[in-house]
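Dropping the structures in below, format is structure tokens.
You will see chain A twice below: alongside chain B first, and alongside chain C after that.
Showing the complex of A and B:
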């Protein structure tokens, strides 16, 4: 009998962490790429915050635009001061819901996440194809989507228009752990 | 005359390329943090606590400034191939300072243990759930 209780307790404690409703990623990674014949621009942000409510499949993402790291100083300066205006619009956010999310499975799921992405003061409805992996007490969300520069009211001077692609490719990877208060 | 115009144009193009290369230098924020004296030093717990309020004026005033923070190491992370240290008051993770460390800090980070009190300086970027400092270096370490 005591052996049965021990086994039950072990499995209860082992699975408890993922039975919590919310999971959090404090070091989510978002990177973007702009490919043109003139130059390629890449930037990476490794401090993106995201919280998922496993109970209802809602997801929230928030990132500081000035935390993107560029290879060159001038790229960073143009991005923050001229294009994104990170002093006026310091954050980009995404609020959405995972469509048909199945929290009971350990298998890899590919799901659509529908929601509103807000950047540079402009909100757009997006549907993002996302790979969802579950490993022990962690979830990993990853994927790629494309954003059109003109949709976000970003003005690029004609002189630099050739340096920046019309469509920016965005990659993301969030490693979630149980939310601790 | 045509030859003069051609030479002048060539010189102008070369000068433009040199100028562009000179301006478009590699980001030297890391070197700046190494050399600079922090604007101020503050305790990690106090800093994090103040940001948990609705709106903190520091959020906009000190953005991009180099600041110093002292706190207890609550987590050392290597996620995304980055060395990240979380500093707090040691009583839970609700309020933390997230320090994205420079690559050259690896030897000092390897000697750290959870519970150590350290001082870091880095570029203040703002606040999400944690206060975010980038390009951090350890300036003092008490075990």
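Showing the complex of A and C:
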């Protein structure tokens, strides 16, 4: 019986959330920075995917670790092979919910997004302050948050400990448009 | 209600999963360094990368008495190697002990992909040439070796596959043409097959081994197939390789055909090798300098 209700819910969900209710960003930008006195490391990924269901304010983000571009080509190889192990953990994902999302307003709103960020096989609960701008049917989400390297089980060899910061600051910017298959 | 939300969320990730399907993922760092230990790997350097490559070998002569502190003899190959494009690399170097000056071009034909969209393996072609600057007159009597005959060539087809994140294997069919031939009974052309493997012990440390099987050997002196066992260690812009081998020479044509010792622990058979690569980036990956 409960399964039947679940199936019913599933169908009502699908009939209610029209295609228009979902917005997608296919070229989202995520960049991260590590500042130390020895070396500044910066990387950008301009192919981050994100989708938002405006109906209930849920959001999902998925990025390929391989798509990060570094200042130095060898850094990218080290990053993928020795730190983030993208063979084993190719993606970082986030799924969460925008707290008190107001879909009616056209004004700029700053909201918290609560959810789970998974990277290098480790999931962490995050609360990210996000600026949400809207122009007609386009949305822009942007913000900054910080991540601790040691939380994600990323090992830095003692010789290079001075080159990589303990706290990595992450910037993101997503431009959404209506989702069509 | 919480079930309901969870369902909707994983639904969103599923949509993103489908969107990801269009991107091709190339396998990175099958071997990481351009050499497995003594021989070339399928790796080429990315565009604008200059490598300062210094390879050293140390060994004892096997004489009863020796005045040397650490090793009786040493040899070094000092080279500059450069990535002309992401697939094409070149390098030039000189070796102190055997007096060979060498250069090579290396082109990556096929790149392995992590999904089924591209090649199941890496394939790289290598063409190298070496010039033997030794004077042969005093030892070999009247034999005059013209400068044309001092050139040797090696052509290799390097095929490798990264089987898991820890294990890579390489097979290298090789053709060697030797210019300097000291006896008329010796063949000038050799076919050899190289086998190489890398096993990642830790994130920055890997175990490597290589073996070259030479099908037609030089007859005028005893020679053996080169074998090497080593450790590769990567630290940012510096990459170090430590190895034990029976090969004294650094250039392909010399060590594949002319390794005079077998691999065992009697001196002068065993060489300790140490390669250091320093990587300089001339091309910056991020174009826009905005914060």
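Following the convention adopted for this analysis, the second predicted complex is superposed on the first by the 162 of 181 C-alpha atoms of A that agree within 3 Å, B and C clash if a C-alpha of one lies under 4 Å from a C-alpha of the other, contacts with A are read in each partner's own complex, and residues count from 1 in each chain.
FYI, a residue touches a chain if its C-beta (ideal position, glycine included) is under 8 Å from a C-beta of that chain, and two chains touch if they have at least 3 such contacts.
Because the structure is predicted, anything quoted here is derived from the model rather than measured.
With chain A as the common reference, chain B cannot sit beside chain C without a clash. Shared-chain residue A:157: touches chain C; no touch with chain B.
Legend: residue contacts after superposition of the two complexes on their common chain; A:47 is shown touching both chain B and chain C.
Of the two partner chains placed by superposition, only chain B is touched by A:27; chain C is not. The larger set of touched chain A residues comes from C, when the choice is between chain B and chain C. In the superposition on chain A, A:177 makes contact with neither chain B nor chain C. By the touch criterion defined above, A:64 reaches both chain B and chain C. By the document's definition of touching, neither partner reaches A:133: not chain B, not chain C. In the superposed pair of complexes, A:73 makes contact with chain B and with chain C alike.
In the superposition on chain A, contact of A:90 is made with both chain B and chain C.
Only one of the stretches 24-32, 78-86 or 114-122 in chain B has C-alpha atoms clashing with chain C after the fit on chain A, and that stretch is 24-32. Common to the chain B and chain C interfaces on chain A are residues 24, 26, 47, 49, 62, 64, 66-67, 69-74, 76, 87, 90-91.
In the complex of the two chains, the chain A residues touching chain C come out as 6, 9-10, 13, 17, 22, 24, 26, 42, 44, 47, 49-53, 56, 58-62, 64, 66-67, 69-74, 76-78, 80-83, 85-88, 90-91, 93, 95-97, 155, 157, 159-160, 163, 179.
For chain A in complex with chain B, the residues that touch the partner chain are 24, 26-27, 29, 46-47, 49, 62-64, 66-67, 69-76, 87, 90-91, 173, 175, 180-181.
Within the complex formed with chain A, the chain C residues making contact are 3-5, 7-10, 12-13, 15-17, 19-20, 23, 25-29, 32, 45-49, 114, 162, 164-165, 203-204, 234-237, 279, 281, 283-286. Remark: chain B residues 23-29, 59-60, 63-64, 77, 79-80, 82, 84, 92-94, 98, 100, 125-126, 128-130, 132, 134 touch chain A in the complex.
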